[in-house]
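The first chain written gets the first letter, and so on, giving A, B and C; residue counts start at 1 in each chain.
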Amino acid sequence: MSNTLKLGILIIGLLILAAVLVGLFDGADPVAQDQQAFLEAPSADHWLGTDRLGRDILVRLLFAGRTSLTVSLTAVTAMVLIGLPLGLVAGYFGGWVDNVVSRLIDIFLAFPFILGAVALMAVFGPGLWNIFLVMALLGWPQIARLARAGVIDEVTKDYVAAVKVAGATPWYVMRRHVLPGISGPVIVFAVMGVGTVILAEATLSFLGFGMPAPQPSWGLMISDARLVYATAPWALIAPGVAIILACLGFNLIGEGLRDLLDIHE
Amino acid sequence: MLGYFWRRLLWTMPVLLGVTVLLFLLLQVIPGDPALSRFGDRLPSEQSLRNVQEQLRLTESVYTQFTSYLGGLIRGDLGTSYVTGEPVREIIARTLPPSLRLAFLAIVIELLIAVPAGVLAAIKRDTWIDRFSFVIAAILVAMPVFLLGLLFQLFFAIRLHWLPVGGLGDGSFIYHLMPAAVMGLIAAAYLSRVTQSAMLEVLDSDYVLAARADGLPAGRIVFHYALRNAWPPILALVGLHFGLLIGSAIATEYVFDWPGLGHRLYIAVGQRDRPLIIGATLTLSFLFVLVNLGVDLIQGLINPKVRLSRRSEIDV
Amino acid sequence: MSDLALKEITLRGAGGQVIVDQADLVVESGESVALIGESGAGKTSLALAIMGLWPGTSEGAMLFRDRRLDSTSEADYRALRGRELVYMPQDPAAALSPTMTVGAALSDVLRFRAGLNRTAARESAISWLDRVGLSPGREMAGRYPYQLSGGMAQRVLMAKALACEPQLLIADEPFSSLDPDTAFDQIALLQELQVEGRFSLLLITHDLGLARRLATKVVVMRSGRVVESGPLAAVFNQPKEQYTAELIAAGLPLSPGEGV
C-alpha cells in the first residue's frame, strides 16, 4: 500500500471519526449561539473561535462534515447504481439500447457539471435531499460512459466471445468476465467522484443554492465568513481547510487505489 | 479534415436540441408562479396577474410553449426575462464578453503555469521539485475556486492593496487579473499533472533516445522533440477545462462581483427567471461543445497524422 | 590505433541486476565488427553504454580512439554524440519524431552537430536525402514519418547517421524491419557510403547473413557475456562454442544463394 493511499485513508478516517463523535457530546450544538462571544479568535473555550452569530466554529465544522460526507457518499453511490447498469447494458447489447443510452450520456455531458447543478438547484430549491438528487442526476453519465467502454473492451476479447457463443447467459458473462474487468476503474472513479461532489456541495451552499441556513455546511460557513473575513480570517480558514482536507483525502485514496490496482487511463 | 469538422459540428445539433429539451422540461417544474416575479413584493390584482401570465404565455400548454421557444431559438430569439422584461439575447450579449475575456485570460495563465511546471516536474522526476509541485497541485485540485478567490481578495486586495477587490472597474487589465488568476491556477493544477505524465511518456520514446544519441542540445530535445509530441493530451484537457472554467466562473464572478454571464446566471437562479436560466445555460453549453470541437481541430493541426490521413491516402 | 576498445564492461540495470557481464570488444579503425546474439543478450545495452546513454551503472574501461569514455562528462559526451560517435537506432519508424518532417529532423542534426546555419542545413538535408535515394529530396523533406515506408524511414536514419561524417557508426539491428529486396538495396547503400566515409562500423544484429556481408570480425554475445570473438570466417566456419554453432545453424541466410 502506497503512502498516498495511507495518508488518504488516515485523513478520511479521522474526519469520519470526528464527525461521528461530535454527535455524542451533549453540549455540541451547531446552531447554538454564545451571546457572550461573537467573532472570537480561537481560545480554550472555542478552539477554532466563533462566527459572527457566536456559534462555535469547531462544532459547526464537524456537523458540516456530516452533511458533506453524507451527501457525497450517498450521491456517488446513487451515481454508480444508475450509471453502472446503464453502461453495462448499453455496452453489452449494443444496438438501439446503446444508441439511446449513449445519446443521453452525450446530452448530459454537454453541460459543465457545476453549471448544470446550479441551474437544477433553481428547480429543486435548497436542501440536503435536493443536492443529493441533482448530484446523482448529473453524475451518472460519467460512470455509465466508463462502464460502457469497459464492457466493450471486455466483450470483444476472444475468450469472452467464446463463452458467449457457448451459450452463457448475459448475466453470467457480466458477473464472471465483465464486472471483474471494469470494477477497478469504476471504484477509482467513484472515489475521486466523492471529492468532486464535496466541492460541488460546498460551491452550491456557498452560492446559497445548497444547504439552507442555519444548517451546518462548509460552503455556508465560508459564505458567512465572507462578510467578516477582513477582521476574522479564522472563520474563513477553518472551513476552507476542512473542504481541502476532505477532498484531498478522497483524491489521495483514489490515486492510491489506481496505483494499487494498476489502472491506466 | 473540413468534412470531419462539419460532421462533428452537425452532430452537436441533436445534442444541443437534447440539452434544450432537458432543460426546458426540468425547469417547467420550478415551483411558484413566474408571473409573480414581475411584481416584486407587491401583491397584484387578479386581472393584472392574468395579463402578465398571458403575456409570458404561461397559460399555454408546455408543448406549445416548447415549440414556440424552439421556433424563437432558430431565429436567435431566446425569449424575455421574467423579471426585467429585457430580451434574454441582449442580456447574454452584454454579459458574455466580460466572461469570455476572463476565461481566455484564465486559460493563458493556466498554460503559462502548468506547461512549464509539468515539463520541469517531468525532467526533474523524483527530485524535490517534482514533489513540491505534486503537493501544490494536490492542494489546489482539492480547493474550491471561491475559497482561493476569497483568500486572494483578502491577501492581495484587503491586506496588501495591490489589486482591486472586485468589479469590472474601468475594464482595465488589473481588474481582470485576480479573478482570471484564481480560475487559471486551479485549472493549472490539473493540467500540470497531465503535462508531466504526457512528458514522461514521450521522454521515454525511441525518438527522444535517438535525438539524445544524435547529440542534440537538451533544450532542443525537451521542447522540439518531447513537448511537441506531448501537446495532444495537454490540449484535450484544456478543452475539457473550458467546462471547468464555466463552472468556476459562476462562483468566481460572484466572489469578485464580476458583471459576467456566470454572475447573471447566479442572479437568475435566485430569482427563478426561467428564460434567462435556460438561455444562459444553453449558451454556455453550446460554447463548451464548440470549444471542444475547436480543440479537436487544433489537435489535427499539431498532429499531422490526424490532419492528413483524413484528406487522402498517401503513397508509400 | 583502435577506434573503440571495451575492457571488462559490466552494466547493471536500475535494480542492480547484471545486464552485461565483463564484456570485451575492439573495433579497429576502418573495420566492421558484427555483434551478434539473440535478443536480450545485452547488445543494445552495450551500444547505449558506448553512447553514454545507459540509464543504470557501468564498470570497466571504455576507450574511443584515445579518449576514456567511462570518465567523460555529460557535456563532453554531448559533443561526441552524433558527430564522431553515431548511433543508428533500431525500428526506424519509432526513431523519428512523429511531429517533425524528415527535412526538419535531418536539418536539426546538421545545424546542431555540423554547425550549419538554418538555410545551409536545409539545403544539405535535401542533398543528403537525394544521396540516400529519397528523391526528389526537396519533396521528401516535407514528409512526416508516418508518410514513409519502413525502407524510406531507414534511409532517413542512414542520412542522419552519416550527415556529420562519423568516426564510428553503431548500427542497431539495421534493416531488420525491411523486406529482403529493400534490405538488399540498403545494405549496398551502406557499403557504398562506408567506402566514401571511411568510418568504422559496429553492427548489432541477429541476422548472420547481414553480418557476413558487412563485417570482417564477429563478437558473439549470450545473456550478457561475450562468449566468442574473432575473424568472421574463422568464427563462422569453425565455431569454438556450442552456442555459436547453434546460432549459425539456426541463422537464416539473408537472401537465396547466400547460405552459410
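To be clear about the criterion, a residue touches a chain if its C-beta (ideal position, glycine included) is under 8 Å from a C-beta of that chain, and two chains touch if they have at least 3 such contacts.
The shown structure was predicted, so the numbers you read here are calculated from the model rather than taken from an experiment.
*Asks:* Considering only which chains touch which, label the overall pattern as line, ring, star, complete or other.
*Replies:* Graph shape here is a line: each chain touches the next, no loop.
*Asks:* Which chain is most central here if centres come from C-alpha coordinates alone?
*Replies:* Chain closest to the assembly's C-alpha mean: B.
*Asks:* Return the distance between the CA-based centres of subunit B and subunit C, expressed in whole Å.
*Replies:* 50
*Asks:* Roughly how many whole angstrom separate the Cα centroids of subunit A and subunit C?
*Replies:* Result: the chain centres lie 55 Å from each other.
*Asks:* Between subunit A and subunit B, what's the gap in Å when you average each chain's C-alpha atoms?
*Replies:* Each chain reduced to its C-alpha mean, subunit A and subunit B end up 22 Å apart.
*Asks:* Can you list the subunit A residues touching subunit B in their complex?
*Replies:* The contact residues of subunit A facing subunit B are 103-104, 106-108, 110-116, 118-123, 125, 195, 199, 202-203, 206-209, 219, 222, 225-226, 229-230, 233, 236, 240, 243-248, 251-252.
*Asks:* Which residues of subunit B touch subunit A once you look at their complex with the stated criterion?
*Replies:* 14-16, 18-19, 22-23, 26-27, 29-31, 138-139, 141-147, 150-151, 154, 158, 243-244, 246-248, 250-251, 254-255, 265-266, 268-270, 272, 277, 281, 284-285, 288-289
*Asks:* Mind listing the subunit B positions that touch subunit C in their complex?
*Replies:* Of all residues in subunit B, those touching subunit C are 205-218, 220, 224-225, 228-229, 302-305, 308-309, 314, 316.
*Asks:* What residues of subunit C sit close enough to touch subunit B in their complex?
*Replies:* 51, 53, 78-83, 86-87, 89, 91, 94-100, 108-109, 112-113, 144, 146-149, 152, 160
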